[in-house]
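To keep things simple, chains are lettered A, B, C and D as they appear, and every chain counts its residues starting from 1.
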Amino acid sequence: MSGSNHQYAFFLGCIAPNRYPGIEAAAVRTSKNVGIDLLPLKGASCCPAPGAFGSIDLYVWYAMAARNLVLAEQMKMDIALICNGCYKSIWEVNHKLKHNDELRDGVNEVLKEIDMEYKGTADVWHLAELYYDPKIVGVKKLAESVRRPLTGSKVAVHYGCHLMKPAKERHFGNTETPMWMEELVAALGAEPVQYRNKMQCCGAGGGVRGYDLAHALDITNEKLTNMEEVGVDAVTEVCPFCQLQFDRGQLEIKEKFGTEHRIPVLHYNELLGLAQGMSPDELALDLHAVDVEPFLKKIL
Amino acid sequence: MADENWKPKIIAIICNWCSYAGADLAGGARIQYPPDIRSIRVMCTGRIDPLFILKAFQDGADGVLVSGCHFGDCHYLEGNFKAAKRMFLLKSVLKNIGLDDKRLRMTFVSASEGAKWGTVMTDVVKTIHELGPSPLKEFAK
Amino acid sequence: MAEVKKNEEPRIGVFVCHCGTNIAGSIDVEAVKEYAKTLPNVIVADDYQYMCSTPGQNKIAEAIKEQNLTGIVVAACSPRLHEPTFRNATKTGGLNPFRFEMANIREQNSWVHMHQPEEATAKAKDAVRIAVAKASLLEDLVPKSVPVEKTAMVVGGGVGGMQAALDLANAGIKTYLVEKSPTIGGRMSQLDKTFPTLDCSQCILTPKMVDVYRNETIELLTYTEVEAVEGYIGNFDVTLRKKARGVLTPKEAEARGIVGGGCTGCGDCANVCPVIKPNPFELGMAPRKAIYIYHPQVSPLIYTVDFDACVKCGLCVESCGDKKAVDLEATDEFMTVKIGTIILALGYDIFPIEKKLEWGYKNYDNVITSLEFERLICASGPTGGHLVRPSDGETPKRVAFVLCAGSRDSTGVGKPYCSRFCCMYSLKHAHQIIEKIPGAVPYIFYMDIRSFGKQYEEFYYRIQNEGAKFIRGRVASITEDPVTKNLHVNAEDTLLGRPVDMEVDMVVLAAAIQPTAETEKTRRLFGVSCSQDGWLLEAHPKLNPCGTTTAGVYLAGVCQGPKDIPDTVAQAEGAASAASIPIHRGQVELEPYFAQCIEEKCAGCGLCVNQCPYSALSLVEKNGRTVMQVTEAKCKGCGTCGGFCPGGAIWMQHFATPQIVAQIDAFLLGGEE
Amino acid sequence: MAVKKDYKDQKLAEKLRDRKYYVSESNPEFTKDVEKLGQTAAHMCYQCGTCTGSCPSAPRSSYRIRLFMRKAVLGLEEEALTDPDLWLCTTCYSCTDRCPRDLAPTDAIMAMRNLAFRRDIVPRNFLQTVQLIYKTGHGVPNNDANRAARKRLGLEEEPETTHKYPEYLPGIRKILDHYRLKEHADRILAEGEKP
């Protein structure tokens, strides 16, 4: 089977492997179940963080992201990744370098110092868009891979910002009222629910989480409140940084503002893992700051 | 890249209703472009006999621009379409006689596209500058 | 039959215009003049501040007489501007006006190379040399005079088209008024009141509709579309498609021998019709039957069958009885009419504002468009003039108006231009809810209030005084409360510098306007250009705003660009006046750029015949040989045949092969090194 | 030029500071720099406020992205770069998606942050990320608790990144050193908090 599988160089980023390893474990297994092989991208680094690096020196950001791209080019493979922040860095720098000769020449001058050259031969994909793409996986195949439907659970979707926006550069179209992630959630048997201002940012991006935590959390708190308003059992996203903000953020919000939320936060790959029959232990869900148990009770 | 000081000789044969009007509009809007192109006005690009263009190259032209209305916009229904077919064939003739077919260009600029006319002018001059003087130049005269 | 006219030795006069500093500012006019003197055939060269002035023109006429000139070159602005002027001057000097050639050294030189005087001067010299080469080979030509059909046509029966048709008819010109929908009246008939006078739209429009219907000089053709157009100014052949209406007018009934029959507009048919469809006139907010009229004031008052919806049950036929007006087997009919001049008054559509997803139109019940507001606030509308929330039928108290909804938008989803009347009608809407709903507050989200017309700024003051609230900020997004269906309008009050979250009961989007779906097809039929935004292109934005580049075709109303009612009517009257001129003169002169066959070169191959888009060419037998012959009245002078003839046997008057080749040679072989 | 008030009471002088806008305060180069780095035609902004109306940070702070656009257009470099609000953009790009003038205010903010950094104006957390990446290749590096969890999941303790292959780190450091980024970060952090 694996011979006919789609193969990608798996770009891990930082937060998934180093804070939520369950996402990494889930991604490799769940994607294999639907015909995708994720192969190690040896020696990859931080994408680097678009907020932190882009804010202080865009040219360093270009060069560092280009290095990661070259690693994939050397494998003669496209990149698949699981984080919106990584997507912004890796996809967007790839896009810019492909379309701007001046920028590419500048980057290559720096890469020459470490015997590398960016050629623009690799494409970059978020695993979630590969799941949705019927030419690769598609909602139907995804649904067929489900062993334990998440029936009876209400799940809010958080799209995050850096996957689909800015819309004019990306290829996702509608960034005001998208529904494709809801389709991905529905494929697992869960009920996707709509809530107010669903496209709002988690609050963490652009270095704001590090710069002014209370400010970032206030945005997060607004989103969590909007989700609670319609009653959800969990929120799912495709960005470990958003996950960190929602998950650890709930503890921080309680500590700083005295407001309590209890919404389990699951990366879509964790959700998919559960639906495909992985156990909570196999996903290290105990590492989550917000107890996932109430959600598990609904579905198990 | 040719000598910076070299001034190419480029001739534009353009239709009265769209491209000539568009060029006038560029003037009204004071859109600045390189001064290397000389225009001849015809009523329609359909009037342009391919022999005119061969004559221009024979005379040593470095480039020829033919510009008319957008398809479907021709004042005479389909003159521009016929011109485009002729230019397409002519390009293969140019290649056969060893002339870079980029020296002949056909564009479609409407009466409302002054800015586009400026872009076309700039672009044509740039292309011809990159190609350098026509190899036929020495046979002229 | 043309032959290469052996000119006597050419004697050319060259005149270089300064155009104040427009030309002289970046071109060395003196140098160009001196250069001209060195050119072959040039007898005299002169310059003048403004060649188009009377003294300038006199110079030309005098030089022709004094120097016995055979050709004139003026280096000045674009021939599209002043060629007629200088042709006249040439004629005044006693020379055939077609012995004049213009070198464009302003629009295509001094204005576009303002900072390169040396290059601009060199280019001007080349332009003069090219023009002299052509002028040396120019020949006498005589314009062809053709009679003008004393009939006009107006396409589009909105207020602009109606006005134009009335003006033409009242000037004694038989006029066809062609309208695609079953009634005239257009957009204006959908409006409740008009700004700034607040008079009732229907009240001022219906008398005009009746005037049109009653006017014997107007032939009103509703439910009719233009199918094909042939010919040229004075002699258009327009083919019309009379769409199958399924209902006979009294006249049509009489023609079929049904005495006293035909539709009287009684409506018995609609009463029995079992098929219900949304009424497009009410923007789908009210029903109509498969046999219908838009509204009670339609003109003509004749019902129409929607054959896409009709189930042909025959109940209507039965109910119509002896009038026998309903014909369910009707098919489209075609007619061709001869027309002298044509006015296009094609109107506009509303931009599909649901494409701006952030405002939730069609997603949130209580977000409506301004045109829907007009119907809802109109006493004859679907709610009898009671403005209600679509979600629950409640009367809204807080209403937000979103201006520039899709206008002044360069994202590609939306229109870059100002739609020009949204500010004013939104002010009017604000007035209407204050007047009709006690305690209601309109909130107007605007970027600029463009109240440019007569009494418009005063109207703005009035609405402000009546209590409308103005928030200077473009609406960023609208969200809906899922329970109350109230709307949260998010924007920045840019004057306060604070974000606004305003909860309202209803939002009205002042959606941008765009050319109608049929405009593109129609303009191509008539050979009219459009600008990049799709609006039809006038011949000159300032000096010929009603004309087009196709002689005999004129523009009225919004199809030329956004306009309010006063401007539309004014342009319609202008277009009617322009369109009546050729008809009253009775004849027009066609530029004599005809193709001619050089018979001794013609091999009779006939390849050119298929090239001609106007079927102006044919093969004939002459002196035992097959040669091509041109029907001058059909030839429009494009030269497509001349560009194709393998034997060089076609002589394009004024654009003849030797003339063009002389221009090419003059540029490439003749210059200074 | 703003009127200088050499009042002996410093507090009063500050309170009554000349607040008029003078053209001499603008630096046209600033507008150009923002446009080049941000790759957006900031001068085409017509100040409609769609950006601020879309901004998740605006309702909870004094951060007004429209005003930053205004300052970029007017060349008010000093005012823009020293404003701590500059760092409150979460880069969510809602403003960019909705801007009717098709501009990218987010990228203009990123450009202004770059320009601020060139003047050593930068919050500490950004620099700490630089130091971490220099050291480990990761902005959020591995730790012992996570290593244990990875083991439990059957993953290797170190992911297949620079963590498992530290031989890639010198290359990364070379890139950062090329731009002297680590050097600047160390220096600025040593000098103490700036904004």
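Here are a few things to note about the model shown:
The criterion applied here is as follows: a contact is a pair of C-beta atoms (placed from the backbone, for glycine too) under 8 Å apart; a residue touches a chain by one contact, two chains touch by 3 or more.
Since the structure is predicted, the reported quantities are computational estimates derived from the model, not experimental observations.
The greater number of contacting C-beta pairs, out of the two interfaces A-D and C-D, is seen for A-D.
In terms of their C-alpha centroids, the spacing between chain A and chain D amounts to 23 Å. Centroid to centroid, with C-alpha atoms defining each point, chain A and chain C lie 52 Å apart. As a whole-number value, the distance joining the C-alpha centres of chain B and chain C reads 29 Å. Among the residues of chain A, those touching two or more other chains are numbered 168, 176.
For chain C, the set of residues that touch two or more other chains comprises 358, 411-412, 477. In chain B, there is no position where the chain touches two or more neighbouring chains simultaneously.
Pairs of chains meeting the touch criterion are A-C, A-D, B-C, C-D. In the complex of the two chains, the chain C residues touching chain A come out as 357-358, 360, 363, 411-412, 477, 479, 481-482.
Of all the residues in chain A, the ones that touch chain C in their complex are 168, 174, 176-177, 194, 196-197, 230.
Interface residues of chain D, counted against chain A in their complex, comprise 37, 56-57, 60-61, 87-94, 96-97, 102, 104, 106, 110-111, 113-114, 117, 122-123, 125-130, 133, 137-143, 146, 149-150, 152-155, 159-165, 167-168, 170-172, 174-176, 178-179, 181.
Every residue of chain C that touches chain B in the complex is listed here, in rising order: 78-81, 104, 106-109, 111-116, 119-120, 122-123, 126-127, 130, 524, 527, 529-532, 537, 549-550, 593, 611, 613-614, 636-640, 642-645, 652, 655, 657, 660-661, 663-665, 667-669. Across the interface of their complex, chain C is touched by residues 9, 11, 16-18, 20-21, 23-24, 26-28, 30-33, 35-36, 38-44, 46-50, 52, 55-56, 59-61, 69, 72-73, 75-79, 82-83, 86, 110-113, 118, 140-141 of chain B.
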